[in-house]
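A short worksheet on the structure shown next.
Chain nomenclature is as follows: A, B, C and D, assigned in order of appearance, with residue numbering initiated at 1 for each chain independently.
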Amino acid sequence: MPSTTLPMLETYPKSINLDRAKLAAAIDALNDCAQACTACADACLSEDMVAELTKCVRTNLDCADICASTARVLSRHTGYDANISRTLLQACATACKSCGDECASHADKHEHCRICAEACRACEQACRDLLATIS
Amino acid sequence: MPSTTLPMLETYPKSINLDRAKLAAAIDALNDCAQACTACADACLSEDMVAELTKCVRTNLDCADICASTARVLSRHTGYDANISRTLLQACATACKSCGDECASHADKHEHCRICAEACRACEQACRDLLATIS
Amino acid sequence: MPSTTLPMLETYPKSINLDRAKLAAAIDALNDCAQACTACADACLSEDMVAELTKCVRTNLDCADICASTARVLSRHTGYDANISRTLLQACATACKSCGDECASHADKHEHCRICAEACRACEQACRDLLATIS
Amino acid sequence: MPSTTLPMLETYPKSINLDRAKLAAAIDALNDCAQACTACADACLSEDMVAELTKCVRTNLDCADICASTARVLSRHTGYDANISRTLLQACATACKSCGDECASHADKHEHCRICAEACRACEQACRDLLATIS
């Protein structure tokens, strides 16, 4: 099932202050990262060594919440405010960096951490790419 | 970018009480519907005839919130509780039905409503397909 | 700091299909329960016996997500749809019952579970009280 | 009903890197602001002059999402990461400032905007007070 993010962006009836393709790529990366982090937190909870994964669970939960909110904010164009988008993207890139680092440190033991680390890296990059276009 | 939903499900370290392919399809449909509804609410706000679209905005917001929560709950398998999944899927199918009907009634005038109605129909069906497998 | 829920409800410019005092009580109970569950999940993660609390963490996360979404839906009155409110309140009462039971089973060992169980019980009751008034 | 935020914080089993009273005050202000913004967005949708309030609706929705996520992140202490808290609080203060300004500009016409502007100002201040304590 292809994402409806870009088709929906193309139907927005007024102008958008950001590049629509970069924006859609960022929103898709954010939603994918939020999903991966939610699933990784739960997979960590079911590992026998959960006691060694509590920081990973917590960072996953933070990253999922921040990515989900950022995707929503970036999906709104009415009354656009660059300050909100910029500071939120900075917070989101920070959360993705932290979560990507934490998951990467467990990637050799847990496949869910390996996949989640990749989703965090891709999302961090998409946030930074979009940030670079916000004046 | 393919969704990481199914790959993440396949890394879950314990058994899952639902069919993994149906579950991944439902989660993807829920995330896609949440995204479409968030975007449709904002597109409606930017239409000149926004005063005729206020019920659509509201139903979009409800549907986005409920789909997002349902996707999260379905992404957790640790300490699975069928009662929560079942009642939440019923609420979610109800919200998708309402939002799909509302958006469909504006589909001839607004392309964002047409695409969003399709996402709601697909999500309602995915919720009902999954519900049918929950004892 | 007193909640602004009821003052905000009183400024809503059109009629509301539910009793405003019961509605405000439910919204406040939902927000309080969501907050308690988010905090309880994290407190469980920091207990030395976290391996015995993984079902509690998971149920806390579900309950927090569902309560937060239900509070949002109940805070909207434009284009009111009784079917969405009713089915979502049923799902929310179910989640509060499950989470209240799970937390209560750890209440003698963990004070955060004891307080959270109370918040879940109060929220379940507020949901059922409101449900009884929805035709 | 008094908030359970501070009582829950006091049961957290390990040390917390922030002042618990300031932290509880910020979390309560964030939850209150999220609730006020969600209600204000819907009240705006029901005003006859909704076409003049679309930027207010949008900023309300952003502020509600960001405040809700910030409250969740601040409610977690396991594996604390000051960089996430700091950047997210900066984004949240920015959103509260924008939403407070927008609502204040409608405060003489709409009581819901007046109350919401106050909640945004209080929340912005609580975020800045907490930020000042994060090294």
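Methods note: contacts are C-beta pairs under 8 Å (C-beta built on N, C-alpha and C of every residue); 3 or more make two chains touch, one makes a residue touch a chain.
From a predicted model like this one, the values you see are computed outputs, not experimental measurements.
Novice: Which of the two pairs, A-B or A-C, is linked by more C-beta contacts?
Specialist: Higher contact count goes to A-B.
Novice: CA centre of chain A versus CA centre of chain C: separation in Å?
Specialist: Chain centres of chain A and chain C, defined by C-alpha means, are spaced 27 Å apart.
Novice: Go ahead and note the Å separation of the Cα centroids belonging to chain A and chain B.
Specialist: 19
Novice: Multi-chain contacts in chain C: which residues touch at least two other chains?
Specialist: In chain C, the residues touching two or more other chains are 42, 45-46, 54, 57-58, 61, 68, 72, 76, 78.
Novice: For this assembly, give the contact graph shape among line, ring, star, complete and other.
Specialist: complete
Novice: Residues of chain C touching chain A in their complex?
Specialist: Residue positions touching the partner: 41-42, 45-46, 48, 50-51, 54, 57-58, 61.
Novice: Considering only the defined contacts, which chain A positions touch chain B in the complex?
Specialist: 1, 3-5, 7-9, 11-14, 25, 27-29, 31-32, 35-36, 38-40, 42-43, 45-47, 64, 68, 71-72, 75-78, 110-112, 115-116, 119, 122
Novice: For a test of understanding, state which residues of chain A touch chain D in their complex under the given definition.
Specialist: 54-59, 61-62, 65-66, 68-69, 72-73, 76, 78-79, 81, 83-84, 87-88, 90-91, 94-95, 98, 102
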